[in-house]
Structure formats: structure tokens, C-alpha cells
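Scrolling down, you'll hit the structures one after another.
Note that subunit A is present in both complexes that follow, paired respectively with subunit B and with subunit C.
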Partner chain A sequence: MDKYDFSWRIIQENLPELINGLIITLQISVAGMAFALLFGLFFATLRFSQYRILNIVSNSIVQVGRSLPLFVLLFWIYYGLSLKFKINFTDFQAGALALGITGGAYMAEVFRGGITAIDKGQSDAAFAIGLNRMQTSRLIVLPQAIRIILPQTVNIYVGLLKGATIVSVIGVADMIYVAQYVSLETFRPFELYSFAGVVFIALTLSVASFAWLLERQLSGKSRRG
Partner chain B sequence: MDNSVPLFDFAAVWSSRALLLEGFGIAMFCATAAIILAMIIGLFIALMRLSNSRILRAFAFVYTQLFRGVPLYVLVIWVYFGLAIVANINLPKIPAGIITLALLNSGYLSETFRSGILAVSVGQSEAGAAIGLTKRQIKRFIVLPQAFRIVLAPSGNQFVDAIKDTAILSIIGVPELMRMAQQQADLFYRPFEFYTTAGILYFIAVMGVTKLFTFIEKRMSRIGFTNSSQKLTNVGEYI
Partner chain C sequence: MLEIKSVSKSFGELHVLKDVNLNVAKGEVVCIIGPSGSGKSTLLRCMNFISPPDSGEIVFDKVSWRSYRSKFNVLANLRYEKKLPQLRAEIGMVFQHFNVFPHMTTLENVSLGLQKVRKIKKDEAKQVATKSLEQVGLSDKLQVYPDQLSGGQKQRVAIARALALNPKVMLFDEVTSALDPELVSGILDEIRRLVREGMTMIIVTHEMKFAFQVAHRIVFMDQGKIVQVGTPAEIRNTQEPRAKAFLSSILE
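Let's look at the complex of A and B:
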């Protein structure tokens, strides 16, 4: 193979398109996160239900959601489900849904972990002073649980952001997708993919350090970071 | 829907079972090889981060941040196509996939190992020093064996993630489970059946590994090896 001549100008020339791709990545990851919060909250609530059957069902769904690779989920929804049941998801919808299911399974665990971490004495005390179940959750347990849940939620978002890079395989026009088709025209795959990679690393690292800061801020000085 | 075609037809899946199982085997092989490599690299990086040398610490810090921040898709393309372009290193597909997964997981594991080592009480090293062990001996005989038991559960989680991540290696053409499922799904035009089957196989693998690590952990705690209060919780960092 001949020596490869680098030509970073290609990035500059295609910058608007690459940025559009990045915006789509952000959009799909945010949409996925919205689904994830919804699913997560729903299944976490079911796990605290007094009906054993609901506990078992939601537990199994969470287990399955956590065990399936995002990649498989993506293909299963986009090609499998759509074709079988004629649902015809757009690529964006399928991507957001797959991200939402994966993220939701993790979020359910985060919610559950946050709520169970609150000492039982807290809710006992709330009942003792005459608050009902609803008030106890809203006024006593949730505000404390948020401190545990919030940093982990941002971590889940980081995971979804990284996961969102693979949605180009079903044709979502994200940054990788743009890099791919521009490199087909210009034969500059290395520069384009590297640029996309560096941008993604910068993005995930900045969100991750935000989570880290949040954790330090919320946990106070009582816990070792 | 066409009446002549049954809604669900898993006969095609059954006829391709040999290929799917081969893919499953390759996926498990890649994940296992990658996690072993990642544990070795991760341990070195963790020790570097805890060393006295500022340069080693800085290197290890950048290393962990880099590989924890990079999406797998980008990394696998860099390792497989990028290295070929820039350095003229043409790795075969499976080794390229294993190296990619190992690099990615070593970033996470080094952080796990570091906190595992830090979780071993200082009194242990002090006691080691008191009976006249050298620094090296303290690390080897006192701290690391205890840290190993603490990091067992998080390492199991990492193994699970590595198994799930093998699916992405299909992008560079590693003939693992997802790749096989894709090919067969296109061949028989039965994506739902093939991807469902692939999903079930991944689920079985993940459950198996989870159960295995829970079992090992239980065994160790029964003979007094693990201290549950030292266990690390690491929900949420991995997808």
C-alpha cells in the first residue's frame, strides 16, 4: 500500500454536514433517554408493587433488557418487528426505541437502587408523624433518592450517547453516517472517522465529568469519592 | 399478510443452527480472550495510577479516560481500518476485534481495580510492613489477593458487557453470532426469527455468566473470602 497522504481540509469542507450529523446523534440520544426514563420509572414502580406477579414480570423484563446487546435490539426492532407486524418504524424511531429499552432496563435498576438505599427509618418516621404513603414517597424518600439517582442517570446518558454511535447501521444520518458517505466520495475515511471519533470522545468525557462533579456535589463530604 | 407464508417460521433458524452456534462460539471466544487481556492490562494501568511517579499516573489517567470515553464503534473502526491506513498494520478480523474489546474493557477494569485496591484497609499494609515485608511483597501477598475478591463481582459485570459488545464486531466482519444472524436473516428473509434467536442466545450467555460469578462469589464468601461491606457498587456505568 502506498503511503497515505493526510488531508484534514476535508473536515473543514464538510463541516456543516458533520455538525448536522452530530445534532442528530444528540437528538436520538435525548429521545432515547426520554424513553429510558419512562420505561425505567414504570418498571421500577412495578417492582415496588405489592402484587408479587408484577414484581416478577417487571424483574424479568429488566433482566432481558439488560442482557440484550443494543445492536441486536436495533436490528430486531427495525428489521424484525417492523417487517413482521408492518409497523414501519422510521430509522430514527427504531433507534430511539432501542436506546430507550436498553437505557430503561438500566434506569429501572438505578431508580430501585436509589429508593432502596434510603433507610427504612425515614419512611417509618414519616408514617409516625402521620404522612400517608404518597406524601412519604414525595416528601421524604424521593428527595433523598434523587441525590443517588441523578449522577447515575447522567452516567446512563453517557452510555446511551456512546450507544447512539451505532444507529448509523440502520441508516440514521448521524455523524458516523455522514463520515461514511463523505469518505466514499472523497476516499478520506481516516480523517473523517477520526474527526467523528474525537468529537464523540470529547462529548462523552464532558458529560461524564459533569456526572462526576454532580456526584461530588450531591454526596457532600461524608462519602469517599 | 400472505396466507401461504406462516407468521412465525423458525424452521429456517433450525436449518442454520450450525452457523449460529459457530457464531455464538466465536462471540464467546472473543469476549473471553478480550476480558483476560483487559484484566492484565487493567491491572497494570491501575498500579500505574497508584504509583509514585507522576508521569506514570498521568499516562494511566489519560489511558482510562480515553478508553472509557471512546465509543466501541469508533474504536473498532480505528483498530481495523485506521491502523491499516496509518501504520500499515493489517490485523485479521478476529484479533482486531479482541484487541478492540480488550482496550475498551481495560479502561473500565483499571478503574475497578484501582478502587478495589484502595478499598483494602490501610491497616493491612501497615501490618504487612510491621512484620517486615517489603513494599513489593505487601502488594503481592497482602493487598492484591484481597482486592481480587472485592473486584470479582464488578469484573463479572464487565465480562457480561464484553459479551454484549461482541455484537458490534460484526461491523468489521468478525463472523460472530450477530454477523451470522444478519447473513441468515437476509438469506431466508426472516429477520424477526433470526434476530429473536440471536437475542435469546445472548440472553442465555449473559445469564450463564452472571450465575457463574454469583456462584463463585457465594463460594468465596462461605469460606470467608469476601467481606460484603467491601463490595463495590457500579450500577449504571456500563451499557
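Let's look at the complex of A and C:
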């Protein structure tokens, strides 16, 4: 067996670039998540609409959004829209949008699940004291649903964070992209990709513990009865 | 005070209410009895449009309310939706499963409607809510969350929540059915207190003894129809076959 000498110095030498890549990864995943929340809330609202046709439209979009591979979506948005409709997004915008659509399709389900998990008696009681629809959602249903929605939202964000590595294929200089081109010069892909892997583990863990803290905070204020 | 005029409602193919008519006068206590699935809850929920009737009319305090729903005019639907809370705020409702808000303290549960519906300032709302909770015997539980209350206490919170808004009518839907037996009489006593105060009430119940005691009139429902209406004495001695069968089945 050939002996492979690990050379972790490569990381140290290229740290500034790797960190820049990491920042891009974070930015694009956060932007994607923002879109995902927006899309998700929008499509979940349509699913609860009293108009049948809106339910069906929203349901179909959510299904398609969930089944499309991120890669294909990214390709369509970045190259397809540009070729066919002359709609040009920057690589970053295209990446964020693709993440947003995929994430949004999942978030729509999360929102729907969280809201339907709340007993209908809660909104009945809210209506009975004269609250309107908006007040009932804002004051009664959402505060209870959030405790179900939040942990799943974090899961979806972690998914987007990992999904964000795919944007390197259209040339976004995220951490994976940086690792890739540095390893082309240095022939040290193992070290570079492993570093990226460890960073992702650290990120995921910190996001998860943040969610855990938040959840504890929320459950202190709002108990189940 | 509250008139139900030929109200009908179906869920899909199931006709749950078939041309129901009922008149409730101010200060009157009406108990609704009948077999499970006869449409008692649905009728109650039609009265405050939590579950709007398909057709028919509710006249409350001389104002007529009908279901409205345009297929195309979304704005008109919204305008109609905006009016409903006015009606609901005047009609208190208490449910079988309490439906207290678990993410709010007892005091917040009761003051919410005062602040958001009656637009009373927070401090004043808390005072009114406190008084309302005192009346149901919960003055030592103001800052407690519902998960630390017994079923009977939760139901008291729900009663206080409705009464705090000073409604003109109270609707009770089997409010003791989910309670442990030893807690039932406490809640029935709360309703008796309201009877003495002259509150107009419509009470769906399976507690026959209680119904015959407090009701001015008893309504017997079966299969989505009001089969018979009468004083407790009249209903007790009914010759109507279905009412008779129901009463003998439940009183034995």
C-alpha cells in the first residue's frame, strides 16, 4: 500500500480563501432559506385557501418542487432561463433561487403540518370570542405551531446548507469550489475536502444547538395544555 | 333575542340540519337533548357562524345574519368575514373539550378577547379578567398555564373567558362530558349561577336531571330535526315515540 503523507499545512496556507468560500456558502444558504420561508409560507397559505383551484395549483407546485433534483433546477434557472427567455441571473442569484424553490417546497409542507397539528378547537374558541382570521392565526395558531415548525425548519436549513455545495457547478466560489481549485494546484484534494467536511459538521452542530436553545426558550413560555 | 329561521346544513351528502326553527327569548334557558349525531353541536355552531349554515337565517338582537359567500367577489367575502366577529363577541360559547389556549396563562386566556375584541387597555382588561376568574373560583390560578390545571379548572377558565366579554347569550356544548365525574357538579353549579343571574342560555347536555331542573324549555332533536319542544314537564310526559324512546333509554 502506498504511503500517503497528509499535509495539513495546505489548509493553513489557503485558509483565507477557504474562509471566503465558507462565507459565500453561508450567504447563499441564508439567502436560499429566506426565499424558502417566503415561498413556503405563500404556498402553505394557498393550500389553506377556500378556493379549490388555489389548493390544487399550490399542491402541484410543491410536489414538483420536492421531486426536482437541485442540480436540474439550478441548471434550468441559470442556463435555461437565460437561453430561452433571456432572463439572466448571476450565479449567486440563481443558486439562492434554486435553493429557495427546493427549500420552499419542503417548508410549505412543514408549515402545513405544523398548522394542521393544532387542534381545530383552538381556532373555534378563538373565533367564538370574536377574534378575526388574522388574529386567530397570529395569536393562537402560529404561536403553537411554531414549536412543531421550528425543529423541522432547522433540518431543512441544514439540508440547504449541504445543498449549497452544488452551486459550485455554476461557478459560485463557495467553499467546495475553493477546495476544488486549490486542490487542482496542490494535488491535495483529500485534505481540502476533509476540511470542508469538518467545517460542515461544525456548522450543522451549531445550527442544531441553536435550534435546541430556541426551542427550550419557546417551551418555557408556551406550554401544552 | 335569538331566532333560528329554517336553518339547514350538510356536510357533503350528509344532511345534518334540516330546516331547523327555534326562538329563544331574553333570559330564557333552553336545553337541547337528543341522540349522538343528531346535529346538536352543529346547530350551536351555526348560531355564531363558527360553522355557517348553508341556508336559513339567524336573527340576533333584531339583526339578521345569513351565510354569504361569493364565488368570484373575493372582496365581498372579506367584507362579510370582517362583520362576523361583531356577532360572535356577543355570543359566548363553551366547548366540550375546553379549548383553552395552552400557550397563555389563565389570566391571558381571559383578557385576550377584552384587549383584542373589546379594545380595552391592557391594565383594565387584566382587572376585568381577574374579576371574571374570581367569580369561577380561580383567583389563585391567575398566572398558571393550562397544563397545570385540572379539567374542571380548565373549563372554568373557558367559562370565565366567555363571560368576561359580557355576552348577551351563552352557548354550552356538552361542557361536562369530558370531565371526571367528581368535577361535573362544580361546573353545573357555575351554570346554575348564571341561570339565577338571568343569563340567556342554550345548553346542549346529556345531564338529564340537570336539564329538567334548569331549563325553561327543552328541545329534543333527532336526525337533524327538532322533533319536539316543550316545558320540562311536557317533555317528561311526552307521547312522541322517538323522544319517549330516547328518554327511557337514557333515564333507565
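Here is the rule we use: the second predicted complex is superposed on the first by the 205 of 225 C-alpha atoms of A that agree within 3 Å, B and C clash if a C-alpha of one lies under 4 Å from a C-alpha of the other, contacts with A are read in each partner's own complex, and residues count from 1 in each chain.
Please note the rule applied: a contact is a pair of C-beta atoms (placed from the backbone, for glycine too) under 8 Å apart; a residue touches a chain by one contact, two chains touch by 3 or more.
From a predicted model like this one, the values you see are computed outputs, not experimental measurements.
S.K.: Can you tell me whether subunit B or subunit C touches more residues on subunit A?
M.R.: After superposition, B is the partner touching more of subunit A.
S.K.: Considering only touches as defined above, state whether A:130 meets subunit B (first), subunit C (second), both or neither.
M.R.: The answer is second: A:130 touches subunit C but not subunit B.
S.K.: With the two structures laid over each other on chain A, which partner does A:212 touch: subunit B (first), subunit C (second), both, or neither?
M.R.: neither
S.K.: Looking at A:42, would you say it contacts subunit B, subunit C, both, or neither? Reply first, second, both or neither.
M.R.: It touches nothing on subunit B or subunit C.
S.K.: With the two complexes superposed on chain A, say which partner A:201 touches: subunit B (first), subunit C (second), both, or neither.
M.R.: A:201: touches subunit B, not subunit C.
S.K.: What part of subunit A is shared between its subunit B contacts and its subunit C contacts?
M.R.: In the superposed arrangement, which is not itself an observed complex, subunit A uses no residue for both subunit B and subunit C.
S.K.: Taking the complex as given, what residues does subunit A use to touch subunit C?
M.R.: Subunit A reaches subunit C through residues 119, 121-122, 124-133, 135, 139-140, 143-144, 221-225.
S.K.: Which part of subunit A faces subunit B closely enough to touch in the complex?
M.R.: 1, 4, 63-64, 66-73, 75-76, 79-81, 83-84, 86, 102-103, 106, 109-110, 113, 152-153, 155-156, 159-160, 162-163, 165-166, 169, 176, 189-190, 193-194, 196-197, 200-202, 204-205, 208
S.K.: Write out the stretch or stretches of subunit B touching subunit A in their complex.
M.R.: Answer in residue numbers: 1, 7, 65-66, 68-75, 77-78, 81-82, 84-86, 88, 160, 164-168, 170-171, 178, 181-182, 185, 191-196, 198-199, 202-203, 206-207, 233, 235-239.
S.K.: Subunit A touches which residues of subunit C in the complex?
M.R.: 45, 48, 50, 81-82, 84-86, 88-89, 91-93, 95, 97, 99-104, 112-113, 116-117, 145-147, 149, 154, 158, 161-162, 165
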